[in-house]
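Multiple structures follow.
Each of the next two complexes has chain A plus one more chain, namely chain B in the first and chain C in the second.
And then the complex of A and B:
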């Protein structure tokens, strides 16, 4: 078991989501930074999609009531275990009774607490992610509260982590050439033009060229962007159609909305572009108030990023397996 | 019917809607939206249902989301040749025959008027009908579930009497109750979640229509027939 001893609002249990039910109106949900979840779980030897805690409001504290191996991924800050700083992106042992504390990360938005064995929660419609809108899945279909107790799954490889920890090179470093950084600190997010891009004429260029700011009215459902409004040349009556996270819609006010993990399954606003799937985690890690620019991309580029990410995760899995086997042999 | 390639724009970005030609565009790198040409009617929707059946046999698809005379196809990975995806979707659309899904009939008891019918007066003003006429036209209609979406189990119902068409609100109601019987443009439906909602409410239904723990979580399915039964009229 783990027990939540301090939490802010909207921290939830997540996994890689609940795809497959959009045709009955159920949002996929799932982690805002799925890459952090896949890496954290892979390093621990869990299934990539094992349930984890998504922490987006800090400080957050939990107590382990038995020995466990955990990793805090996604974050650029250092977690504290009984007050002692530990590396993030690194698997550590926790003893029964120890307290893990997460503070506001210096730059990024979300941290993930992954535990060997995963969180032992009954899946709903094939996933353990919390559907905040639907009020089901995750822990009792709601955000975490102080006093919540969550079971941990069994883990056979508990001893196979060295006392100093087992770290992974974080994605922004390991994949530095795949995820380019801007010189001015704005987050670069690649996107492809979507169905109504042509309706925006000159404002289409204004969409790509300007630096947007993530407004305070942003959450797991979507990010509202502030900037110079962009307007279509024509008002079109759209019929409701399926949408996915990453779709960039332009409501009548002209300030775009990017749908995120808890995206509605259907939409009808004109859509100017769609973020490539492999860049969604960068948005998921962008804080309210941060600046971002969209970079016009191609299917070929999206595919290259997707393959680079897949190779990186495979590498984490293989290396972590080898290290653990070696440690076991020495033990 | 042939999807004529447009030589001037990159085809994998947007294929325009033609006379008899489906329009195809992408959302991100893995999802492709096909929009049927023609009217918002049952004939177009039946062809979307047929396309949806065909696409269920495509192994490289992760998810198929039929919408209102359109369909979003989500692929497992970013396709190597997006042009080929466009061609396959166009060919599948051209080959799609109209099918009629033999759905079930669902009767939904409705309490028309009363505290949840917050937009009934506005609909009377807009249509020039009395509240009794609005209610009569609504419950005498026979509706088809075109597609589900927007909220868990929410069915977009087609078949609304054109006299009851009412545009969505520009400023949504901040907290509309789950169960409100609503009109949005040419469609009607029953709100599945309490929350912001831009549709116009004329009544309330108690019927439980979504259960995440059931093997069949949504009561409605595309093709189902829906009738509203006035259980109580409070004016």
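And then the complex of A and C:
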């Protein structure tokens, strides 16, 4: 078991989401930084979609009531175990009674606590993620509260993590040539032109060429961007249509909305573009107030990024297993 | 090679002085003319011995990998040696593809030496760091 002993609002149990039920109005949910979840779980030897804690308000503290192996991924800050700084993106051993504390990350938005064995929660429609809109899934269908106790899954069959821990080269470093970084600190997010792109003048120049700011009206449902409004050349009446995370809509006010993990299943605003799936995590880690630019991409590029990420995760799985087996043999 | 006369008192005195200066316990020399054994007395040894150095701990590579003192991607510049380190603190990493194996300080102490250059390929058992434990 773990016990939540301090938490801010809107921290939830998440996994890689609940796809496939949008036709009955069920949002996909799932982690805002799915790459951090996949890497954290892979390093521990869990299924990459095992349930984890998504922490987006800090400080957050939990107590382990049995020995466990955990990793804090996604964050650029160091977690504390009984007050001692530990590396992030690194699997560590915790003893029964030890307290894990997460502080506000220096630059990024979200941290993930992955535990060997995963969080032992009954799946709903194939997923353990919390559906805040529907009030089901995750822990009691709601954000975490002080005093919540959550079971840890069986980790007896997993290869042992060495006593001094096991870390990964984090994705922005390992995949530096795959995820471009700007020189001015704005997050670069690749997107493809979408259905109503043609309604915007000069091939959407105003959308692609400006630096947007993530407004305070942003959460797991969607990010509202602020900047110079962009207006379609024609006012169109559209029927509601299916919407997925990553879709960028332009409401009448002209400031775009990027649909995120808890996106509505349908919407009627014109769609100017769609964020490529492999770049969604970078948006998920962008804080309110931070700046971003969209970079026009292609399907071929999106596919190449996806393949590079898949190779990296596979490499983490294979190599971490090899290191654990080798150290067990030498011990 | 000129042979030295091991029975010559002057030679014996010279060798004894040399051993005392070097803080060596004794020497045994065998030659055609016989064997000379000089053993420094206990008193001499105590009075001339350097203060006992605290036993230094070597941190060896637990497996082969690329030696990375700071974590790849970290902008942190490690402080100059010697520097104090806490027990369990990661002194560096062995990199194997995307995986990093932390090299933890077994005890708190003074990190006095780093034996390998950053980015070097090291093998199992290679000595990477030396720590003088401090209580």
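Here are a few things to note about the model shown:
As a working rule, the second predicted complex is superposed on the first by the 325 of 331 C-alpha atoms of A that agree within 3 Å, B and C clash if a C-alpha of one lies under 4 Å from a C-alpha of the other, contacts with A are read in each partner's own complex, and residues count from 1 in each chain.
One rule holds for everything that comes next: a residue touches a chain if its C-beta (ideal position, glycine included) is under 8 Å from a C-beta of that chain, and two chains touch if they have at least 3 such contacts.
These numbers were taken from a predicted model, which means no experiment stands behind them.
Look at A:327: by the touch rule set out above, it reaches chain C but stays clear of chain B. In the superposition on chain A, A:19 makes contact with chain B only, not with chain C. In the superposition on chain A, no contact is made by A:269 with either chain B or chain C.
Within the superposed three-chain arrangement, the count of touched residues of chain A is higher for B, of the candidates chain B and chain C. With both structures placed on the common chain, the touch criterion links A:125 to chain B but leaves chain C unconnected. In the superposed model, A:302 makes contact with chain B only, not with chain C.
When the two complexes are overlaid on their common chain A, residue A:208 makes contact with neither chain B nor chain C.
Once the two complexes are overlaid on the shared chain, A:316 sits against chain C while remaining clear of chain B.
Of the two partner chains placed by the overlay, neither chain B nor chain C lies in contact with A:10.
Of all the residues in chain B, the ones that touch chain A in their complex are 12-14, 23, 25-31, 33, 35, 40, 62-72, 74, 77-80, 82, 147-154, 156, 170, 192-193, 195, 212-213, 217-218. Remark: chain C residues 62-63, 71-73, 88, 90, 93, 95-104, 124 touch chain A in the complex. Within the complex formed with chain C, the residues of chain A that make contact are 43, 84, 87, 90, 162-170, 172-174, 176, 312, 315-316, 319-320, 322-323, 326-327, 330. Residue ranges of chain A in contact with chain B, taken from their complex: 19-26, 124-125, 131, 133-134, 136-137, 191-195, 197-198, 239-244, 246-247, 252, 264-266, 271, 274-277, 297, 299, 302-303, 306.
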